[in-house]
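Would you mind keeping the following structure in view while I ask a few things?
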Amino acid sequence: MWWLEPLAVALGLSAFGIYSFWAALQGDHYAWGPYLSPFYSPELFGNSSHALFGPPPSWWPAAFSMFGVELHIPFSPAFLILWAPLGFRGTCYYYRKAYYRSFFQNPTACAVGKPWKSYCGETAFPLILQNIHRYFLYVAIVFIAFLTYDGLKAFTREGPKDYVAGLGSVVLLLNAFFLAMYTFGCHSLRHLVGGHLDSFSDSASSCTRHKIWSGVTCLNERHMMWAWISLFWVGFSDVYVRLVSMGRIADLRIF
Amino acid sequence: MPDKYETHDCDVLVIGAGGAGLRAAIESSAMGAKTALVCKSLLGKAHTVMAEGGIAAALANVDEEDDWRVHFHDTMAGGKMLNNWRMAELHAKEAPERVLELERWGAVFDRTRDGRILQRAFGGHRHKRLSHVGDRTGLEMIRTLQDKGVHQGIDVYMECTITRLLMDGGRVVGAFGYWRESGRFVVFRSKATVLATGGFGKAYPVTSNSWEYTGDGHGLAYRAGAELIDMEFVQFHPTGMVWPPGVKGLLVTEAVRGEGGILRNSKGERFMFKYLPEANRKDFAADEAEATRWVESVLADSKPDGRRPPELSTRDNVARAIYTEVKEGRGSPHGGAFLDISYQPADRVKKKLPSMYHQFLELADVDITKVPMEVGPTCHYAMGGVRVDADTCVTTVPGLFAAGEVAGGMHGSNRLGGNSLSDLIVFGCRAGRGAAESAKTASRPTGSLDRQIDEAAAEVNAPFGRTTGEHPYALHSELQEIMGSCVGIFRTESDLKEGIRRLEALGPKVRNVRVEGSRMYNPGWHLALDLGNLMVISEAIARSALARPESRGAHSRLDHPNYDPHFATVNNCVKQNDTGGMTVRETPLPKMSDELRKVYDEVEAMSLPAKA
Amino acid sequence: MAETREFQVFRGDRSGGKMETYPVEVTPGMVVLDAMHRIQATAAPDMAVRWNCKAAKCGSCSAEVNGKPKLMCKTRLDALPADRPVEVRPLRTFPLIRDLVTDVSWNYEVNKKIPPFTPKPGAVWRWKQEDVDRVQEFRKCIECFLCQTVCHVLRDHQKQPVFNGPRFFVRLASLEMHPMDGLDRLEQIKEKSGLGYCNITKCCTEVCPEDIRITDNAIIPLKERVVDRFYDPIRVLFRKIFGSASLTKPE
């Protein structure tokens, strides 16, 4: 039964990958009232009220030709930002394990033979680039701020003083929470906040760092769990906003 | 007929790579001697890794009033004054330096709040004295010494068994052995040789010791003409696992009782109150209520309230109590007593006793945070061993040194928990120094060693040539059965005589042991060769026990249940006589210097910590 | 009403061998090592098995039970499927000596090449428990080499010449994170130990009988320290400008 886990991981990641690509391609139905799908947040340019810098930029190529075929690239605000979460998760130490095993069969499972002969690990291009994980982390932390803002904003309707709550508000706030749990359990963060120190008690600052490091460690121990929960939830958030925006379901009003 | 063999020359040969052997090799190598270290197993697997509780050393990090005098006193009192006082003195004085040295070499001990080495309480120690690393102190020690040693240029010969010491004019000049892997022979030529082979628990059916503990050093020294002392004192640890059968004897650390573990029989009685010796009953709680108060103070991390629970009596006493309860029909289902720590919060048990928790859960399906453990006595440690000079660790044979469990005298009739790890590093260091000094002036043997080597090779090869004879596993079981039933925790003259008779009958069978297969990594053959040493020490234990008609420390004679003042002044000494037989004679105990006597009396008179 | 189970044990040496079948009478709570001992005592006295403490404290009795690297002394028979024979083989990654015993001497060679603990000059030997919690976890290692045998870099790709394996990343981490160790070990960790070959697929952590979180607590933190020194473009640039001392050992 050693193949069960890699298979499940492969199916899970593939399903998410296909859905998110499709959803990003839509460029529509990503917002409804105060709700903004996390696939589209922060919305730099776009047609919704959430756009930070106005409508789609004129420099976006409407079409270009390749091999003599005219290709239309529909504008989608998602394309401007999805590289960040993709890069963060793609270089994440947990996801690396997951896809090295289930897609690259390197190894498929422990003490199980594999089809490859040559191997250079993460010592050469392109995998050596995994080492820049911390830069994606920096961006991911900025995203947490945006998504938290989105989550809180989802509790308002007409103006900032008008508090309401729909199921979508909860979904989006939870999304920010789950992503934060995942992001703040990052191995790189654990290193940066204190893991690089050899002594945690030689100064007041290192004592503080030890406390932060311990907190990150606590989340880090469940990094895999948060990785999957947040992955599922970010997809679910998009589905929810999309269906509400398309009018397929009505947002459940809590108060 | 002469088999081919390889030869290695060194100044100092150390046999055994546990704590004592490694420490000796490090010292001798640091003094510039070319040092070879031989071990039966892989490096770092020696029995030292099994040590759990800690290293006793009067660092006084936790209890400020501790110092070497108190440690010396406690050691002598624990050994019922039969210890070699000079060894006890050196041990108490030098242990702190040796522990600090381990730290300088990379050992990572648990810490006090102010950043020093943390020390814990143990049976028989007046103060909190055991520096430790959770419940894996031995592993920390051996790994530290191992890493120090291999980077210091010691030549390590792993999985190599020594079967004979080579002699030249009454001096040990080397050793003969075989590689376990290939069965090929190897000769070491040395100027000085250190025995650090540990004990002999494998003579008993229920033991906490590993297969290596076959008394090799005792046997080698004995056959080289050295004297063995105090062989009757075999420590039975009161708490070993009794079930399942595969792990019977596996150690349950004393720390369980130190943390408040309660012993009960099948009727639910807390029986240890009954078994406290009159002499020190006053040091223990008078009733369950007081014992409970003490445990509650431990749980609260505060100053002791009340006196210690009776379960913290010395090891010999608790072992006898459990044995008696079982024998009188009040034992647990699998023939032990119940040791209960489950009344304490589960988290605390898991934190303080992690390996015990896992050991019982994984091996016995017992969750010790929910139900009591079943425990019974298990053969644990040899107080007796090769007689050595306290300062240099030289034996009575020139060129031969001994340190650690294989050496006798340090612990007298009963060892305190924690004193063995400190023994290893204190006397390991001294033996290494002694051997390196001795090697400086020694010269290579004048005569040829060929005849001895041929003899040794023939002896080692012999079991393969036999067509009759029994298998080693059967003989080993028989030996263990004899020792368990006739020379166990409680001894009587008739049992001991019966044991000696049966050992004598077993002798010819062991000498005619038969082995199948080839010499390549053949455990049956290895055991067959180890049996010879086990026979020597078994006989030595039985004869020494017979020659001490009193009860003292770990030696309990049902027919002589009390101290005999005469035997407070003598050690039993075992030596091979001219005809190859075994002689046991009494030798006078070295007389303690007046100065130390005064130290002892002063500490004895000191008031113990305030009691409720 | 003793139950009997079938064991298939590899018997042979470098010149070849095969799986031999032995029926063994089992008792409650029995572990695989007990069964091996019973086979030695009854059917095959010369069967080679390496073991010592039989209490999961020494790490000698490593073998592959039903294809998984395990300590035999810790593997209960009742945890193995009862409907098929128990298969016991020697560790695959190391050269066979005989039967279940392999030549693990390579590991000792690697250890020798790791510079020993070297105290900082003028070290003050005071430190707090929280300083050494990490190091103490690494020092729980009993050198059973199960992590080495399961690691695909060694097992399937034989990178022994350039890759030290999880055991020694744990060892290196215990030195690198020791508050008193004064050596700069990152060059060694990256270049000589081959940390980059590890693709953190965590099999070492899965098999560790001491539950050391090898990947998360030793290997990845070492990788991050290596990033600090060699791969973080801003830090590298910073060091180029302000000199090498400024960011190598923070604080």
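The first chain written gets the first letter, and so on, giving A, B and C; residue counts start at 1 in each chain.
Note that in this section a contact is a pair of C-beta atoms (placed from the backbone, for glycine too) under 8 Å apart; a residue touches a chain by one contact, two chains touch by 3 or more.
Since this is a predicted model, take the numbers as computed values, not measurements.
Chain centres here are means of the Cα atoms, and by that rule the chain farthest away from chain A is B.
The greatest number of inter-chain C-beta pairs in contact is found between B-C.
Closest to the middle of the protein, by Cα centroid, lies chain C.
Taking each chain's centre as the mean of its C-alpha atoms, chain B lies 29 Å from chain C. A straight line joining the Cα centres of chain A and chain C is 34 Å long.
Inter-chain centre distance (chain A to chain B, centres taken as mean C-alpha positions): 59 Å. The multi-chain contact residues of chain A, meaning those touching 2 or more other chains, are 201.
Residue positions of chain C touching 2 or more other chains: 127-128, 131, 178, 181. The set of chain B residues that touch two or more partner chains comprises 115.
For chain C in complex with chain A, the residues that touch the partner chain are 64, 67-69, 92, 127-128, 130-131, 149-150, 152-153, 155-157, 159, 176-179, 181, 194, 196-203, 206-207, 213, 215-216, 220-221, 223-228, 231-233, 249-251.
Taken in their complex, chain A has these residues touching chain C: 93, 96-97, 100-101, 106-107, 109-111, 113-114, 116-123, 127-128, 131-134, 187-188, 190-192, 195-203, 205-206, 210, 220-221, 223. By the touch rule above, chain C contacts chain B in their complex via residues 13, 27-31, 33-34, 40-41, 45-60, 74, 76, 97-99, 101, 103-105, 108, 111-112, 115-117, 119, 125-129, 131-132, 135-136, 139-143, 174-175, 178, 181. Chain B contributes residues 41-45, 47, 49-50, 100, 103-106, 108, 110-111, 113-116, 133-134, 136, 139-140, 143, 147-148, 150-151, 156, 158, 181, 210-212, 243-247, 250-251, 355, 359, 362-365, 471-474, 477, 515-518, 520-525 to its touches with chain C in the complex.
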